[in-house]
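Each chain gets a letter, A, B and C, in the order it is written, and its residues are counted from 1.
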Amino acid sequence: MKKKGLYLLFVLIFTMSVSLTGCGGSKETSGTGQNTLIYGRGGDSVSLDPANVTDGESIKVTKNIYDTLIDYQDGNTELIPALAEDWESSKDGLVWTFHLRKDVKFHDGTSFNADAVVFNFNRWMDKDNAYHQGDFPYYGYMFGGYKGDEGHVIKEAIAIDEHTVEIHLNFPQGPFLSNLAMPPFAIASPAAIEKYGETLGEHPVGTGPFVFKEWVRNDKVVLEKNKDYWMKGYPILDQLIFKSIPDNSARFITMQSGEIDLMDGVNPDDVTLAKENPDLQVWLRPSMNVGYLAFNTEKAPFDNVKIRQALSMAVNKQALIDAFYNGLAEPAKNPLPPSLWGYNNDIVDYEYNLEKAKQLLAEAGYPDGFTTDFWYMPVPRPYIPQGKKIAETMQSDFEKIGVTVNLVTEEWAPYLEKTGNGEHTMALLGWTGDNGDPDNFLYVLLDKDNAKGPDAGNIAFYKNDELHELLIKAQQSGNIDERTKLYEKAQEIIHKDAPWIPLVHSTPPLVGKKNIDGFIPHPTGSDRFTKVSFK
Amino acid sequence: MLAYTIRRLLMLIPVLIGMSLLVFSIIHLIPGDPAKTILGEKASPEVLENMREELGLNDPLLIQYKNYMLGLVQGDLGTSIRTKVPIAKEMKPYLAGTMELTFFAMAFALFIGVNAGILAAWKQNSWFDYMAMLIALIGVSMPVFWLGLMEQWVFAQNLHWLPSIGRSSIINPVHPISHFYIIDTILVGDFGGLLEVLKHLILPSIALGTIPMAIIARMTRSSMLEVMRSDYIRTAKAKGVKEFFLVYKHALKNAFIPILTVVGLQTGLLLGGAVLTETIFAWPGIGKYLYDAISIRDYPVIQSGILIIAFIFVMINLIVDLLYSAIDPRIRYR
Amino acid sequence: MSQIQHQTVINQMKMKERVDSPWMDMWRRLRKQKLAMIGGFIILFFILLAFSAPLLTSYSYKAVELPSRFLPPFSEGHFLGTDDLGRDLFTRIIYGAQISLRVGFLAVIGSVIIGTFLGLLAGYYGKWVDMLISRIFDIMLAFPSILLAIAIVTILGRSLTNALIAIAIVNIPTYGRLVRSKVLTLKEEEFIIAAKAVGMKDSRIIYNHLLPNSMTPIIVQGTLGIATAIIETAALGFLGLGAEPPIPEWGTMLADSKDYIQLAPWTVIFPGVSIMLVVLGFNLFGDGLRDALDPKMKL
């Protein structure tokens, strides 16, 4: 009897403990006086050395550790002073003088000054520099190669005095200042570069609003308030944590349960749920991206423009947007997003017309269609959150005009490598703009300079000399009206040649707690948390 | 007993060597060049060559294998390509995570399985028996990953009772000492944290423990039935021993061996099931660690990780066999 | 243990003399197993669904119909609703049944053929052959099977065929060991010894005597093995290592719709239930077969 009683007691305790833990308030997650913001995101950073990465997840973090000479305004790509208080250029646009902010210290206590700026420029541009360890891919993209290369824009950086730097150019560059505002051209502590060398990416030291504290790979990056930040009174948060939760819906669940404060990469369908939730708010990031399907124009049958045009007519973009973006995107007709100056709104997109598409296929010598591979990315990206689904839908669309595609994918890194190497016939990809300049889309993604592997930005391997001339001309002009005309013309050429099917410009949603204040999503995709606080 | 133990241990040696050979060949069959993985496709041929030399990839396979084994014997599991951290160090928290989860899953499986099995046998052909066995039948056929999704849907997303992913609260993470979070929170007296850790354990433990629970329940029931029909239980009954006590003490003791076998077998299988459970519940365990390593081609991690899991697997089986023969010496001659 | 098996074999031999068709006998005994009959019925049901798929539905499993995405069950024309691409869920599930059943059967047949072959060799020839084969089995069994399967798919590349191959490979030792132990006991039987004495060729002994007499446990284990193979296929699919889109493999369907569990739970529930039911069917049937054919063979 005793034993039986004991057993029953045991059962009772067990049941109670289960129900207790079950019902125990999952709401009391945040303590009082919360001043830590946890940002849930889809992937880990590759490296925290912004000069050496191209991925958004890395830059998202470094944007808060480092400062650039010039910065963007909150919420748009207009330029404002940052580490440089002021600047001017010579008449010919070849010499730029920057007056640096005084009394700025790196997180390691060393002083920010003209020498530090020059040190960083030399590290980026000079392949023979002892600290040029890595690829510095963005530097190459934005400034036409490296020291000694034919198209290299920057001649040299010279420290005039403690707080003045001159940058001499080989030829004028239209988007020069916009380029300097990009996160990869952030100024790192020379002492830290000397100390850490190749491993700077694991020990970032900048002047930014937050100080690097800890990086647990695949889990989180922890940043702490920079108490000596030059912008007085900021930042407000004590701690900023970037938490990797790869699965979009899992991340949304943690958002709903209040375990994280803010998240990006929201599944469009979850936006509806977030809007209904009184504890949450939704932001839309202004669009500065494009998701596209690139044809490998070097491979048959996509070397034939008629084939490319035919397929362009077989995609119902609006239907894709309704289904996979919850309507939170615009159909794309140009590679440029419409928010950028230079966008050519006169272009009329290829209409969705299966009959015409078939006719074009027949004219091109494929009346019965053909079979090819269709690559889709394995991970959600802001411009294409659901690559696999879009691929399946387009597969079904193409089927209707007799084109059979086999869906192919790879892990994300090999995917980028292989498409950058031209191993695909057609592939989904996209781009989020960096500096708000049309050059950053058209030249990077469609100029023949970038159409060579490995690591081609132009994965259509589209080479058009006329376009190249226009783009280079625009790149070297300082006149915005002239540049606008050149880019409008460029878009006409691209439209006619159809190296891509531009699919969408998405306005990626972010979801966060209702009490978050001062958060303004930046179109570039990397946000500063300097002015963010909890109400 | 000692002789048997030694014999079993000796028999392990060829298996272990074979395992390492198999893993080694798997790694070298997976397409892709580790040096390229480290440097990216942008690397110049000279740098690539240096790196291959540095990693010893230019040596003949046999030499590479020998070097790997020499390292293993000295406890050197290699270094992760991605994080450049020694694997032995990096793997510890993941291993602890899996062990904690496996332990709880097994505890759940045993507690429910054994009790349900006993009760079902005790009340044979009652509605409880039928229900228990029906649930057990369904449990055996359950796809773990689906069960996990359903649990998340019901208990985390709809009822908001339990957290759906991770090992502990994201806001107040557990400060790792032993990496067994239960122990760590108790050590520092953080009982709020302990509760949090327990809450995180419930759903994945149930998902992972369901199949063994069902198997154990069926096994317990059938061996209990056999034992209860035996003469000495009948005698005991005749002597007037209280029924409940009887069932528990006498019968359970005799049903212990088959249950033990299943427990041993299932604990090993749980390590495999952990890959799926850990993926769904974003549980930082060895299964997810390995799965991630495979998807980014972190060869040393794949190699050593699989080997460690297989090693644990083999050891569990060995221990179970030894226990088995310690309890019932006849088994040995099987 | 060997006593028991010995007895079974003798029983079987007696049985063989008595009844003309062992299949009839098997059927008679099986019919008495209620649960097995339920299991068999479930299997039959899914087989029928799978094979009559084109008759049962007018939809295509791959034609995307975006305007009708996420229609709930019992919507007009969509008995089980539609998935996130507007494809009829019922259609995808019954075509998925084809895939799961086919992969399950083929994978088991693959592992049975190779496993039986190796098991016969090991059991009959003994000595170093047995040593070698048994150690290989030990080594393979030392890895959790799903992990080994993942590794194999990674080597071969992601596809349904490769998933099938991987599952077949990882399950070889199960059957190999079974056949080996069976052969070890059979070898001591008088009729085998007699056959050897009269100088019958090894190949004939194996083919005419050992193989047929090892069939019972293989059929039982194979039936249960199909259940395992189906779950493993789904698991690989769930991890993104199985069928390439748009193949409606159940595990892949689960992975695709798990993001919509709150919005459209039916897209997650039905594929999961289908996997569970089919697996349950094979488990019940296999259990019953075991009880009917080989009552002493337990786990």
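General observations
By our rule, a residue touches a chain if its C-beta (ideal position, glycine included) is under 8 Å from a C-beta of that chain, and two chains touch if they have at least 3 such contacts.
Just so it is clear, the structure is predicted and the values come from calculations on it, not from any experiment.
Innermost chain of the displayed assembly, by C-alpha centre distance to the whole-protein C-alpha centre, is B. Remark: among chain pairs A-B and B-C, B-C carries the greater number of C-beta contacts. Chain geometry summary: the mean Cα position of chain A and that of chain C are 47 Å apart.
Spacing of chain A relative to chain B, judged by their CA centroids, is 40 angstrom. If each chain is reduced to the centroid of its CA atoms, chain B and chain C end up 24 Å from each other. The set of chain A residues that touch two or more partner chains is empty.
In chain C, 258, 261-262 are the positions where the chain touches two or more neighbouring chains simultaneously.
Annotation for chain B: residues 152, 157 touch two or more other chains.
Interface residues of chain B facing chain A in the complex, by the touch rule stated above, are 32, 40-42, 82-83, 111, 152, 155-157, 160-166, 169-172, 195, 198-199, 202, 242, 244-245, 248, 282, 284, 292, 295-297. Chain A makes touch with chain C in their complex at residues 248-249, 267, 269-270, 272-273, 316, 319-320, 322-323, 378, 388-389, 391-393, 395-397, 399, 406-409. On chain C, the positions that touch chain A within their shared complex are 62-64, 66-67, 69, 84-86, 158, 240, 244-246, 256, 258-263.
Interface residues of chain B, counted against chain C in their complex, comprise 14-15, 18-19, 22, 26, 29-31, 137-138, 140-146, 149-150, 152-153, 157, 219, 222, 261-262, 268-269, 271-273, 275-276, 279, 287, 290-291, 294, 302, 306, 309-310, 313-314, 334. Within the complex formed with chain B, the chain A residues making contact are 1, 3-4, 7, 14, 18, 21-24, 26, 29-31, 36, 38, 135, 137, 217-219, 243, 245-247, 250, 253-254, 256-257, 259-260, 411, 413-414, 417, 420-421, 454-455.
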